[in-house]
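Per-chain numbering from 1; labels A, B, C and D assigned in written order.
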């Protein structure tokens, strides 16, 4: 399946895209996405272990399965305030 | 000597005066003033143990001597804020 | 900025006073006139101060706060006289490089102001009774019986 | 009142929103753009958010604060876009019957906002370098070298 993941801040700048698309084998988890992101975007790789992920605006873990058409975001450590 | 003491809030209302004058034997301490205030103003007596005293805008203790012409205030428990 | 005033307190004036590019955190605390205390209803509060001493003590507390925390700005105002429901009785504003210091300094200032500054409030209840508030005394001192004033 | 905005934040609007005769204490926290970080000078900050999630998380935090403390009013605003020195980046206002609750709730809200809400700031230093701020990463990520922008 095609998985789309939004990226922000340094993650976006390092990947060079605010949204990336990855072709993933099903079933896939967020942990699988993390691995493929690092492989597909070497400049992003050092930051990937520090990303949190969200599906539909809720934080999820590496064990969370990725549903079809999921609204996924890769969230580097936040610094609002 | 004549000792003047300002009173505030419930202390003033109970004494009926915003400033009272007491004739005191010298040397006198704040503790002596406390005793004489209770004796001279029976309605104030129940509040007198709870008064703090200040001389020239600084808190003092019962052992503090009263200097001549001192600017003394009897301060019931405060409730600003 | 330390002020005792019978005029309404403008929080914006305190914020303007403490704002600075040297600060990353501004904390403003306002004490306001609350309507209900348990099941008793307040109509208004009347504040009085021993003004020279209150001003001196406030200045001492601000100086102590400045010695304990890296305050960029600090402003304290206390209202005197008659206050309607919802009005601001006391305002404390501090600014600091970081927020932990701002919270600590602001909390210490308002707590200590309430303990040591010679200011008193009188509750004017909706039934017309009035009570000076003197914390630690067993019963409120009703000083005017049931006469509204 | 929860708002993400590219317009300047007006603290008075938050105070008006939380003021109430049911409250005896109002606490306002402002995060502001500080000029110096150690010996580095900031020219401005740029904030970006994952807006749908940031709005949802802010709403969840306000709901949790309301469940933990007796909040009368609660308002949170976060600025996005480019901010000059001294400008307000975040504002949290709470009102409560008593001050202890107001300080606790206000502190918890700003601390938790800074931990979980997907908003990021980029330092634009006076030498033209820029760094996304990502707490916990060893080194700041310089993403634009020395080109001012």
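Quick note on the criterion: a contact is a pair of C-beta atoms (placed from the backbone, for glycine too) under 8 Å apart; a residue touches a chain by one contact, two chains touch by 3 or more.
Computed from a prediction, not measured in an experiment: that's the story for all the values here.
Undergrad: On the document's contact criterion, could you list the chains that touch subunit A and likewise touch subunit D?
TA: Expected: no chain.
Undergrad: Counting in whole Å, what is the centre-to-centre distance of subunit C and subunit D, each centre being its mean C-alpha position?
TA: 26
Undergrad: Take the average of all CA coordinates in subunit B, do the same for subunit C, and state the distance between these two points in whole angstrom.
TA: 25
Undergrad: Need the CA-centroid distance for the pair subunit B / subunit D, whole Å please.
TA: Inter-chain centre distance comes to 50 Å.
Undergrad: On subunit D, where are the residues touching two or more other chains?
TA: Correct list: 31, 110.
Undergrad: Quick check on subunit B: which residues sit in contact with 2+ other chains?
TA: Not one residue of subunit B touches more than one other chain, so the list is empty.
Undergrad: Please give all chain pairs that are in touch with each other.
TA: In this structure, the chains touch in these pairs: A-D, B-C, C-D.
Undergrad: In their shared complex, at which residues does subunit A touch subunit D?
TA: 6, 8-10, 13-14, 47, 50, 54, 57-59, 73, 75-81
Undergrad: Going by the contact rule set out above, which residues of subunit D touch subunit C in the complex?
TA: Touch list, subunit D to subunit C: 11-12, 15, 19-36, 85-86, 95, 97, 99, 102-103, 106-107, 110.
Undergrad: Taking the complex as given, what residues does subunit D use to touch subunit A?
TA: 31, 47-50, 52-54, 56-57, 78, 89-90, 110, 113-122, 132-137, 141, 143-144
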